[in-house]
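Next come two complexes, and both contain chain A; in the first it sits with chain B, in the second with chain C.
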Partner chain A sequence: MSVISQTKQRYDNLTIKQKEVYLGYALILPSVLLVAITLVYPLLYNFYLSFTEVPLTPAESPEWIGLENYMTLISDPDFLVALRNTFIFTLFSDIGATVIGLGVALLFTKEFFGRRLARGVVLLPYIAPLIASAFVWQWIWDPTYGVGQFFFADLLGLYDSGTDLRNSLTMVIVFESWRYFPFAFLLILARLQSIPDELYEAAKVDGASRWARFRDITLPELKYVIATVFLIRWIWNFNVFADVWLFTRDVPVLGVFVYQTGFNQFEQGIAAATSMIMLVFLMLFVAIYVTWVIEW
Partner chain B sequence: MIGLLMAAVRESIQTTKSVFSGAFRQSQIESTLFDRLVLYGCVGLTLFFVLFPFYWMVVTSIIPSTELYRLPPAVIPTEFTFDHFREIMDAQVPFYIYFFNSFVVAVISSAMAVGISIFGAYSFARLEYPGRAFMVRGVLLSYMIAGILMVVPIFQIVVWLGLVDTLTSVVLTHFIFTIPLGLYLLGNYFRSIPKEIEEAGLIDGYSRVEVLLRITIPMSVPAIVAVFLYSFLLSWNEYLYASIFLNTQELYTLPIGIEFLQFEFDDVWGEIMAASMLTTIPVVIMFLYLEKYMMAGLSFGSMD
Partner chain C sequence: MSNKNTEYGVELRNVTKRFGDLTAVDDIDLAVRDGEFLVLLGPSGCGKTTTLRMIAGLEVPTDGTIEMHGSDVTEKLPQKRDLSMVFQNYALYPHKTVEDNLRFPLGKMDITEEEATEKVEYATELLGIEDLLDKKPGQLSGGQRQRVALGRTIVREPNLFLMDEPLSNLDAKLRVNTRSELKDLQQQLGTTTVYVTHDQEEAMSIADRIVIMDDGQIQQIGTPQEVYKNPANEFVASFLGEPGMNFVQTAASSNGSVHAQITEPVDLEVSVEGDVPHSKVGVRPQDVWVGPGNSPGAPRDNGYVEISKMRLETIDPLGHSYELRLERGDHSIIALSDDVPGQVGDEVDVAFNRSSIHVFGENTEALSVKP
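For the complex of A and B:
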């Protein structure tokens, strides 16, 4: 009997339950292997590389230098600036996107002409390719011919003509809030629509003011979804790279710092160490957030 | 911790599904004229905030450069031209090459991601074996791991494989980065199909694999389309890995190609906006036709 038919024989003798187990492994194996090879292995390899000096030519192997990369980072003012920028950026663009999303979602609970169409339109910033959005924002805030600059600086005099707002952390935060508020909008609107009307009507009969109805009915119902949106956006804002990099080269966040150290200066060991620090901060935040900040 | 995160993501996707299907809830609370004015004012402001950048993109791409670089800006254009489009098509590396590259990368990587995650997701959703819960959590953990956290090791691996400056390396990274999402969305969908339907198939003598191919997959077309679209968008947008892997201009995908236009032209905004518009149009068309399929992916939280 050949090996194949022996195996087949053995497989046929299995109970259905056992077959399911084998099939389960067989079907998941490719995915898990790929994810392991490309997520778990790189993470471990990154951990190792962060303690080495990575040579420019791939033929040489990385040289173990212990904690030196981390030491370099802690005393590098550029890194500290990037760290600070990342926290400010993450916090405020998260708040920005969530608050605008909440406001627009509340607006869409009212009836108005063209609401169905408008609901799709509002999602545009979120689905449009990043490269297009980032560049059009750059062009709008161009310090010489930008239309935003013309309107806000030349016409309204809100800031000095010729100032390049694009280099400011604030503008990056505004851009990111613009791009991601539809995500918050989408999730919050879904939740809003499931709050029964009767609650509001009863409150109105009882003489509750508009603000009281919002505070005592809407907000408690939205607590969970807002907390979720905030968490998800935090994770992605903290890991931001392309959104900031394509909008401006002058606002270093950690993602940009990794890219520049790793692929402009080819200090890949230091870049790997920076990634590790980012990962630790991120895990810490998520752990603290889900344990203490919100009770699910 | 991961369980909680998972619950959060699942909740968000489920609540969102309902928004775009079905009509709006009708508000019964009557309003005054003043309320209506404020409402329409706010709606107008919101739409302006959302749409103006896109309006400006279109205008910039179709007015001549002389109109572009003047003050006050031509907010309502009077002269039109297709010069910017012509120029990016006549450039040394014509723009449609980037378009073609991006399309090929996105289609191949999404098709592979869908193909492999169908089987994995079925395994997660329907089959029972030791270690499954652990693997489900492991896959979801990868939700927190963005590309930037692994850019150095993955670059090293690609160098080691000798795949630098090939589209293969880009296809592979996009493919693998979308597997977790595919496993997750499809797994949830498979779980929502009544077990009885599959059991009836088993009783009729189908094997598990036949059940999957003949019953589950045909019933899950919406979810499969959703996963495909989402991976397509991710790949269409992806900048980081494409930019570190590719050096040859002929191989550039759209994001890097558009970025490169900056160095190719002077007074470049007309050309860049023309290119940006061409990049945006397919996505918007997809959205218009397949809106309901896209919701599940959009509520997953990231478009990078």
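For the complex of A and C:
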């Protein structure tokens, strides 16, 4: 008997349940391979690189130096600044985008003229290409020609004319909150619209004020969607590179730090170590958050 | 404090509600007596729920006024009307425990924490839901949720209960049990109640008075017996009763006598007072007698008058009796009978109970009938 017919015979002898199990493995195999090649292998390789000094020429292999990269990092003031910036940036741009998204979504619960059009307009910051948004923002806040500068400094006198706001961490946070609030808006609005009117009517009859209805009905109903939006944005913001890099070169966050270390200074071992530290922080955050905040 | 001496707890005067082009409630007058259990009954879209919501203050009438104990509340917010409401889907606050759900309406009242606790305890004991206090609505069965919703309604001891199809989400058996409990509870508390349902059996069993609505208008107000026995018009007559009333065209006649016309005019041996033109007679299926074609005829001694010979088209056993469908030409009559008078396809004799014949005028209004 040939090998093929033997295999077929063995397959035919399996129970239906066993056949289903094999089919299941066969179906997920392509995805598993893809993930292994694009995620697992680079991750493990990066982990290995973080303990080495990576030579510039591919002909030489990386040199094992143990924890030295990590030691260098924790005594590097640039790294510590980037770490601090990343935490501040992530926290506040996440809060900003979520709170603005919630506020705007609440405005959309009432019928008003042109609501559909307004909804489309609200999505624009999220839809517009990053590169366009970043450059427009740079122009708006240009200390010489910018319209934001004209309005807020020259006209309203909120800050000194000629000050360049573009290079501050605050402005990056504002930019990022503006750019991503439509994401929070979309998800929150979808949930808002599924809260039954009856709940609000019952609360009205029960004598609840507008604020009490928001606190006792809207917020608890939105808890999970807000928590989820916050988590997703946290992960994206923590790993941010392009948004910050295109907007300003003067606010180093960890993503920027990794890029500069790895591809400007060609310290790829140190860049790998930084990535590992980012990964650990992120995993810790997600674990804590999911356990205590979302209570999955 | 409100004045409880006024006879009418709630009065609607010339109330109209339009939503765009749709007139949901069309110029109705309605007075709810203090302490009564009033049921708004009608098919869907008849305006009963809109009427209830206007009493609640969740909708503002387009025209007309609403008074409670003599004071105008037409534009008042729901929370200022001293009423509570049970919603069709109960509208329990899903994130609060049963206890907090019950406590929620009390939070807005000027009472101490101890008084609030007492009120919650009173309501939970009354409804037998002491075991549920720590649970969330999601963990409760339909019947339990319904009780909690009732609890939230009575805990504040308001002047008026409003209920919007509160039993429609319960299964049939539970619905029947709960409605008698609800009636008991209302009598015990003596609180004026306005209750919306589309289920006539429910309305009949629970109401002191029934308001029958159709097409935004009140068709009739009366006790369950009144509206069933003396329907004010064709709509009420056809809406109440299951299966519905049979209608037969009448032939033109003089001096008020009424002739039913199935093939040729048959004298029904009743007449209408005042010789008013009439167009139809109505007879409930229980008042239709059906006998085999070779029978000596309708039991005239018992007040039956023979109408026509008809063909027996279907026989549906209902358990306690049979539902028979009889046809002749375009005419169709439904009868309820204790026994089967023949086989499908047989010619049978059909007779009406004279004392139960309703006569309707040209504008569908009921006319008074002399035997």
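Here, the second predicted complex is superposed on the first by the 264 of 296 C-alpha atoms of A that agree within 3 Å, B and C clash if a C-alpha of one lies under 4 Å from a C-alpha of the other, contacts with A are read in each partner's own complex, and residues count from 1 in each chain.
Note that in this section contacts are C-beta pairs under 8 Å (C-beta built on N, C-alpha and C of every residue); 3 or more make two chains touch, one makes a residue touch a chain.
Note that the coordinates shown come from a computational prediction; the quantities given were computed from them, not determined experimentally.
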Given the superposition on chain A, are chain B and chain C in a clash or a fit? fit
Contacts of A:217 with chain B and chain C, given as first, second, both or neither: second
Looking at the overlay, does A:136 come into contact with chain B only (first), chain C only (second), both, or neither? first
Between chain B (first) and chain C (second), which does A:174 come into contact with in this model arrangement: first, second, both, or neither? neither
Quick one: angle from chain B through chain A to chain C, Cα centres, nearest 10°? 80
Chain B versus chain C as contact partner of A:225, first or second or both or neither: first
Given the superposition on chain A, which partner contacts more residues in chain A: chain B or chain C? B
Would you check which partner chain A:204 touches, where first means chain B only, second means chain C only, and both and neither mean what they say? both
Given the touch rule stated above, what does A:91 touch, chain B (first), chain C (second), both, or neither? neither
Thinking of the overlay built on chain A, is A:28 touched by chain B (first), by chain C (second), by both, or by neither? first
Smallest Cα to Cα distance in angstrom from chain B to chain C after superposition equals 7
Overlap the chain B and chain C contact sets on chain A and report the shared residues. 201, 204
Can you name the residues of chain A that touch chain B in the complex? 19-21, 23-28, 30-32, 34-36, 38-43, 45-46, 49, 54, 58, 104, 107-112, 115-116, 118-133, 135-137, 139-140, 142, 144-147, 150, 154, 178, 183, 186-187, 189-191, 193-194, 197, 200-201, 204, 224-225, 227-229, 231-233, 235-236, 239-243, 245-246, 255, 258-259, 262-263, 268, 271-272, 275, 278-279, 282-283, 286-287, 290-291, 296
Residue positions on chain B within touch of chain A in the complex are 1, 4-5, 7-9, 11-12, 15-20, 24-29, 31, 39-40, 42-43, 46-47, 49-51, 53-54, 56-57, 60, 68-73, 75, 116-117, 119-120, 122-124, 127-130, 132, 135, 138-139, 142-157, 159-160, 173, 176-177, 179-180, 183, 208-209, 233, 236-237, 239-240, 244, 254-255, 258-259, 269, 272-273, 276-277, 279-280, 283-284, 287-288, 291, 294-295, 298-299, 301-304
Which stretch or stretches of chain A touch chain C in the complex? 196, 198-199, 201-208, 212, 216-217, 220-221, 223
If we count contacts the way the header does, which residues on chain C are in touch with chain A in the complex? 56-58, 77-79, 83-85, 87-89, 91, 93-96, 104-105, 107-109, 152, 156
